[in-house]
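Here is the structure we will look at, set down as structure tokens.
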Amino acid sequence: MNREDMYQQVTAFWNGNMPFNQLLGLEITRFNAQKSEVRFPWNDKLIGNPIQKILHGGVTASALDLAGGAVVVANIIEQLPDVTPVTIQQSLKKISTIDLRTDYLRPGRGEEFIVTAHIIRSGSKVAVARMEMHNELGDHIAFGTGTYIVG
Amino acid sequence: MNREDMYQQVTAFWNGNMPFNQLLGLEITRFNAQKSEVRFPWNDKLIGNPIQKILHGGVTASALDLAGGAVVVANIIEQLPDVTPVTIQQSLKKISTIDLRTDYLRPGRGEEFIVTAHIIRSGSKVAVARMEMHNELGDHIAFGTGTYIVG
Amino acid sequence: MNREDMYQQVTAFWNGNMPFNQLLGLEITRFNAQKSEVRFPWNDKLIGNPIQKILHGGVTASALDLAGGAVVVANIIEQLPDVTPVTIQQSLKKISTIDLRTDYLRPGRGEEFIVTAHIIRSGSKVAVARMEMHNELGDHIAFGTGTYIVG
Amino acid sequence: MNREDMYQQVTAFWNGNMPFNQLLGLEITRFNAQKSEVRFPWNDKLIGNPIQKILHGGVTASALDLAGGAVVVANIIEQLPDVTPVTIQQSLKKISTIDLRTDYLRPGRGEEFIVTAHIIRSGSKVAVARMEMHNELGDHIAFGTGTYIVG
């Protein structure tokens, strides 16, 4: 199985088997080592502030964490000498978020939200990713940085 | 109306009208200017990693942000010269999270999760809160720092 | 006096009157609202780890904080209805760093270090800047995010 | 050599051989796995803002990073099966700061500054420390969180 097929399988598994992502409507729409992407549509249940009708800050943090984790996993897979379901599974088991910083720039309003993640550091023990969230109009709503254990 | 009654009303309003907190099962169980608290029970829909069966990092960030916001709001109310529903409403409109850092210490496992928040800085423009999350066994799962616009 | 001249005067004042920046050899080499820049040469006194001969992490944090503060101040000046030495002085008095996150990507080695800062959020109370540090070879050594009170 | 003697030797080496710490006047005054401490006196050369006569934010970040690194190193030493100069040296070589967050609470004024650090997470790959800085009057000037690679 080539790397591209493997990426698609991981994405499908991830999107179909992570309860909290499904609860929020988060979907990985791009998954590779250079750039990963998560999208989700507006939904009233994601409202944090009922007066202002904007996203809860935790929704934004969740989407950033997922996008960052995705680009980190894609990097791990790319560095595997042997890409098989077993080695991928082993890699996924080792990843966990150490810390996540979210910077909120504008109120979370829009019809769709797009989070992109880039890898900044990809070591054998620790990886760091930067994330940005925009809405469908291109408004820059948030950005963040995530540090992940990978080894 | 005295301050204590006002706190209870704000808590009741908050717990009953914030869709995302209800979706996750987050409840403000203590609300005052010294220390605020949020609790939520384990629920399979909060799972982030289906293999490890642990909380999604975004759940933790959501709970920390809520607890931090609560203690900040309680501080604003305490500083109000005149506590009325109108002045409270005005105060609540002005608060928003600037940035949130979450440090993940242990896997999010347990039957119940308790987040406490203390105020660290309470200025006229910006407030800072520190938060900690434990499970019902006292395991320290996460901590964090939130910076909020208040003025 | 036009804005460009004012920028140059602020830069000259800043570079000539901030003891800690002079101690470290930090110099503001670009100062405007879109992008500010700080440079400093390698110096043995900046070594943190004598075995590895790399910059102390605090040097990097200092340079990032300065570059972030500079781009924030340039933004404040740009928004002033009336740019005079008095209004600039008043603006500078109000700015202070709320929080600073530094991410260390590679060991701090090189002959010269260049920190650039961009503004991410420029509000009436709070501004946020992102910073990057490279060496003269283009190696990406660190990045960071700073949140500043401005009002 | 027992652990206590070893701690003293590491402290003496650290205080006597790190150029940047000496430039700033930072001294490790307590070094153990539960709590480490760094102290430094006021010095005009540490001024960041000449109008307000307060510490540069980078001084605070430097002191926090040092105190955090010290408590992390003490934890590594405590976990060594065999404490010798060679194993200590090997441990010190592996430690590096991944990220550092500094929260500035009050202007950096005082005659002496005391930074304490506690370990929050002590894993085989990554350690996390929390730090606080007070002046000699007990004013809480800053706190922070540092994440370190240790393995």
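Think of it as A, B, C and D in the order they're written, each chain with its own count starting at 1.
Operating definition for what follows: a residue touches a chain if its C-beta (ideal position, glycine included) is under 8 Å from a C-beta of that chain, and two chains touch if they have at least 3 such contacts.
Values in this document were obtained by computation on a predicted structure and should not be read as measured data.
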- Residue numbers at the chain C-chain D interface: does the shared fraction exceed half, giving same, or fall under half, giving different? same
- Message: Using only Cα atoms, superpose chain B on chain C and state the rotation angle in degrees, rounded to the nearest 5.
- Response: 180
- Starting from the mean Cα coordinates of chain B and chain D, work out the distance between those two points in Å. 30
- Query: Taking each chain's centre as the mean of its CA atoms, how far is chain C from chain D in angstrom?
  - Reply: 24
- Item | Residues of chain D whose C-beta touches two or more other chains | 98-99, 101, 103, 128, 145, 147
- Task: Spell out the part of chain D that touches chain A in their complex, as residue ranges.
- Result: 98-99, 101, 125-126, 128, 145, 147, 149, 151
- Item | List of chain D residues in touch with chain C within their complex | 17-21, 23-24, 44-52, 55-59, 61-63, 65-66, 89, 92-93, 96-104, 107
- Once bound in the complex, which stretches of chain C touch chain A? 101, 103, 105, 120-121, 128, 130, 140, 143, 145, 147
